[in-house]
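Two complexes come next, and they have one chain in common, chain A, joined by chain B in the first and chain C in the second.
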Partner chain A sequence: MGNNKKILVIDDDAQIRRVVELKLKNRGYEVLMAMNGQEGVSLIKSQQPDAVVTDIVMPKLDGQTLCKQTNPLKKQRPFLTIVMTNRISPDDRNWVKDMQDTELMEKPFSPTRLLGCIDEYFRRSES
Partner chain B sequence: MKVQRIGVLLIVLCLISISIVSTTLIRYEERKRARDMVDKGRYLVSLIALHSIKDFQGEKRSFFLRTLHDYISSEGLAYCLMHDHAGELFVSLDPYGLVSDIPQDVQLRSLHMTGLTHQTFHTNHPEGTIYEFAKSVFEDGQQAGIIRLGLRLLPVSLFSMERIGLLATIAFFIFAMVPFVFFGVKLALRPLKKLGLKIENMAGKPASAKEGKKKAPAVDDLIISLDRSLGLLRKKYKELETANIALEAKKGVVCYEKKQITQILDAVQYGITITDTQENVTHMNAHMLNLVNKELGDVVNRPLSEVLDHEAILTFVAQQEGVNQAATQRHIETTFPAVAPGETFQVALSYLSDKDGSITGKVISVKNVTTQKSVDKAKHEFVAHVAHELRAPLTTIKSYNEMLMDGEIRDLETQKEFYNTINQETDRLARLIENLLNMSKIEMGSLTIDRGLIKTDAFVKDCVAAIEAPAQKKHIAVEKKLPDKWPSLVGDKELLEVAMINVLGNAVKYSPDDSTITLSLREADHTIIFDVMDQGYGISEEDLNHIFDSFYRSSDPHISEQTGSGLGLAMTSEIIRLHSGHIEVQSTPGQGTHFSIRLPREDYQLGKQ
Partner chain C sequence: MRRLDQLHGFLSSLSSLIPLDFQIWDADGLVYASDNGAKPSHLTEHQAFSAQVMNQAIYQSSSNNGQAPMFGMPITYGQEVIGSLIASSSNDHSNQRSKDTVCVQTYDAKRMELFLTHLAGLAGETWANRNEIEAVAEELSLSFEDLSLYARISTHMRSLQFSEEMLKALVEELQETLRVDLAFIELPDREEYNAIVAGRQLQKRVSDQQAFAHNLIRSIPEQAPSLEQDYFIVNDSSTMSGYRELHPEPYRFLAVKVANNSTFDGWLGLVSFKLEEHFRQSELRLLQSMAKQVSVLLANVDLYHDLEQFVINMVKSLVFAIEAKDVYTRGHSERVNRYAMLIAERLQLDKTQQDILNWASILHDIGKIGVPESILNKPAGLNDEEFNVIKSHSKKGHDILEPLEQLASCLPGILHHHERYDGNGYPQGLKGEEIPFLARIIAVADTFDAITSNRAYRPAKAAEKALAVIKEVAGTQLDPKVVKAFKEVFEMTLKAEFETSHDE
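Moving on, here comes the complex of A and B:
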């Protein structure tokens, strides 16, 4: 499983990027990484990943703006976005509700649960 | 007093009146008789003196004596003496033997005076007062002799026939007046009795109707009532006087307390407006007067709506009418843009009540909550920031640990890397908690310095060791410029290490890979100086002004990309200050930063804290 699937991890924390990268690579996914939102948007547009794991609080461009900018792209080519944040606020739930194929995940997170969430999305989209 | 007693009293009064009238009559009669006596005596002695002395010595003597003798009882003649020119007594008619009692001076005056003399003297005889008349008898121009007559006053009889009639008439009228006077007095005393009862009532003694009926109007009753009432009034007066003194004292206390309360109200940093139930302002403290820009005299006893030109507050107060009064916690937030632009005020309404719980007024308090709101905001931001900072290492620890537990990391090198990361993040978490506790202690003023002798070689070694791992990770070289002779330092080793590691850690964190950090130690002018220089991104001029503020985080991407609590340098500066030292910073963006920590050199004494 995981073959041919490209996943983009966007986080300013190198340790988080590292652990997510290892978990996804172990499953066989191809992993791309970005250190901030701006870099992330650029990679989404150029690399067309199948899933995006992004932090909210980031330099240059935050996760919410990233989602808003990339959400229109999903109409032509849907992809999953998992937004990771330290604390899910009602405000976060509101804006995420309007985004296509977007889910929230609270930190500290479980890499296994993150992987499960991605696997589940691909399973559903393939069936 | 009973009615009979008044009757007896009136009878006694009548008898006394009769006695007085009778006595007055007798006195009048006596005076009249005395006047008559004088006239009679003058006449008699003058009449006798018309005769020649010789007539009384010769044949006429016996006739003369007989005539005079008749006068003794009828006209009151007491004696008759005749002296010749030599003063020899030749006629002495003295039926009562009074001549021997005539005083010497009376006798001498009668014998030696010329003309008619009239003298009075008293004797011990029953005849009482004697009137002596004397006159010289002249013959041929020569004094031939002296005639002396003594007359006595005849007793006045009260009950002579002519007077009995008069007395009976007077007595009749007096007795006839008794009943009129009796009823007159009774009528006259009626209002007095009423007055007496009223006085008693006034004095505080309630008179029963029965008692009032039984009592007859009488002067002595009135006097007793007056006396009793006066006693009660005096007692009442004393009680009132005591109460008045107590009231005056209370008034003084109340005035003092009122003044105190006014001062206290003026001292509080709330605007306070007190109104009565009709919403007329009864008091406004100084703070509130400033907000409405008015004087106390302009607001007292005036309607709140006229005094307070603030629609939001007036609406709020009006809305509270009829609302459950226990809900005094209700409040609104508003502004006074004209007086305090940009500031926020919280308005609350509470009620004043008396002992029975009846509402007596309202209290409108206006509190400036601008600072409180900004403190609340800062507190909220602080909690969010701390939570974020705590979650970051926890996220790493949890995810790395799970990877290891799930056997996802198979090669030993990566396993070691993961264990190291978990260890570093645990240390980071511990440091963060330690920093938070220290900051809390610093803010509470309870951070204590455990002074001791610090060997600077060991101190520098420990501090450098703490940043070695992250420095190596970024290939940052740590260059040390140390003296040959290590100075000793007095202070709290743990706290100073926290301060030094914060500065060195920042140098590592905000320096690019493959750069160099220089740590130097030197001693100058009894001061130990640590210099930390890096080749990092540098700090902007704006950030330099806030670099030691708690929770300040620069917006510079090079800095904000790195994890940080915003507590490190704030705490470092406090620790250095507590050691009587100071910290300086110089920085050029793009070139690097130079931190300089200066601590006073102290001679360590055992036991000194």
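Moving on, here comes the complex of A and C:
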């Protein structure tokens, strides 16, 4: 598994970054990390990750703005975005619906389900 | 040994500053080389040296056949040798700056040993730290898993009304998240709530899962007659008679009591055939907490049931109270209730609306409690004032029941059951669709019973006559849609009843 796919994890919570990093690395993915939305956007542009896992509430630039800024890039080069939030509000569902290849996941999240979601995306995009 | 990125970076930098190449080996082979394996010809030689270092802790190789000597140091983690660190003169340097090599060879062997000891110590420590961090992260990841399960299950418990589906969902989450082969809940006195979920592999192995789960639970008191804890655990069934026989393959089994204070409801259980893993402490805690929640829910179900019964009996008493006062209306509330419910069914009202109508129709005249008997039972000739008192009964009924939160939804049906479709009714003179729908249904049922209960007619005739009157006032007094539904109900059900049982 993994096939050198590059995954960017954006969260200001070090524990969450650590857990997600561990899970993804053990699965054979290459992992990049950012601590806020601003770093995240610049890494998405420079590193072209195959999937992005991002928090919503973050310093400097929040997850929603990040998605809106990077969504146009997906027309050229599609990639998966998983948005993690403490409580999925109808508002969240609404704006996420307008984004390409974007999934919502509720915190506290299950690392196994997160991994499953990413694996599934790559399986689908390859077939 | 895993890659240790920071250490590798450090060694690479070091190698570019001093005339040494570094390699890290473990029992499986080369882990790292500062020259990126630029000297493949020496690889077998290095590997043999690494094996020697790991076995005997040699730190310097004999410098034979003119080759540059190698230095090695075992990398240890606790008492265990996990790999070797090897340093050798780099090719470039040994050709160009042979003085350095000589220096390393002859004078500085002691320093070299000390240097490598530190370096290998650093490698061992880095490896240990890395391991520890990963173990902690793995533990953290499991806690995340548990937390997420808690959150999902409590969402289920909040959002659904208590039902078999809810326990099924709970057991499903447990099976999936804890990755066990079987998860189940057994409640001996409430078998309708029993639930069992099996992983895909298990479906083949155990044909009758329910019987298996049942036997597991049944064996607990035989194995542990004086069980004091709230859980029971079997780590390997092959070591326990009574459990060994239940399945040919060894399995592990954990069950937690579903109990609340003194009442015992049943067991929540997990089975796994993966004996290389154990039930974790956190899994036990999770299961205990789920079992507690389930027991509280079950207690609530009982309380809710009691409360519901209490309300039903209370309402029956209230209805008896009105009918005791008013001789003309004996059985009236129940009949109106029945007609209203027939109409509701015909109109395909949803379950919630039917429940509300059920209460509203049986209680629609409750306000008559507040009307003096002298007025209620006066055969004829009510003056305006007396008639106004009678008319107040719908508002009074509303006021009497208003403090009962549980009946709040049926108040509009009671308050407005004497409104007229043309707006000439009471108490508020609402018109057409302004009148709550349930009140319009009660109005039709009420009108029909008022006419058929009138002793002036013979029953069968009364029924036909009543229907004729109702059809006549459709659109003025009554809602034509409801009247249409009632007419259909009458033809299908009521007509035959009136002919057979009343008309002799």
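Here are some notes:
One rule holds in what follows: the second predicted complex is superposed on the first by the 127 of 127 C-alpha atoms of A that agree within 3 Å, B and C clash if a C-alpha of one lies under 4 Å from a C-alpha of the other, contacts with A are read in each partner's own complex, and residues count from 1 in each chain.
Methods note: a residue touches a chain if its C-beta (ideal position, glycine included) is under 8 Å from a C-beta of that chain, and two chains touch if they have at least 3 such contacts.
Every value quoted in this text rests on a predicted model; they were computed, and no experiment measured them.
Of the two partner chains placed by the overlay, only chain B lies in contact with A:V57; chain C stays clear of it.
Touched residues of chain A, counted separately for chain B and chain C, are more numerous for B.
Looking at the shared chain after the overlay, A:R17 reaches neither chain B nor chain C. When the two complexes are overlaid on their common chain A, residue A:F109 makes contact with chain B and with chain C alike.
In the superposed pair of complexes, A:K5 makes contact with neither chain B nor chain C.
Shared interface residues of chain A (contacting chain B in one complex, chain C in the other): 15, 18-19, 22-23, 107-112. Across the complex, chain C meets chain A through its residues 133-134, 137-138, 140-141, 144-145, 147-151, 177.
Touching chain C in their complex are the following residues of chain A: 15, 18-19, 21-23, 106-113.
Of all the residues in chain B, the ones that touch chain A in their complex are 387-388, 391-392, 394-400, 402-403, 406, 408-409, 414, 421, 425, 557, 560-561, 563. Across the interface of their complex, chain B is touched by residues 12-13, 15-16, 18-20, 22-23, 26, 35-36, 57, 59-60, 86-87, 107-112 of chain A.
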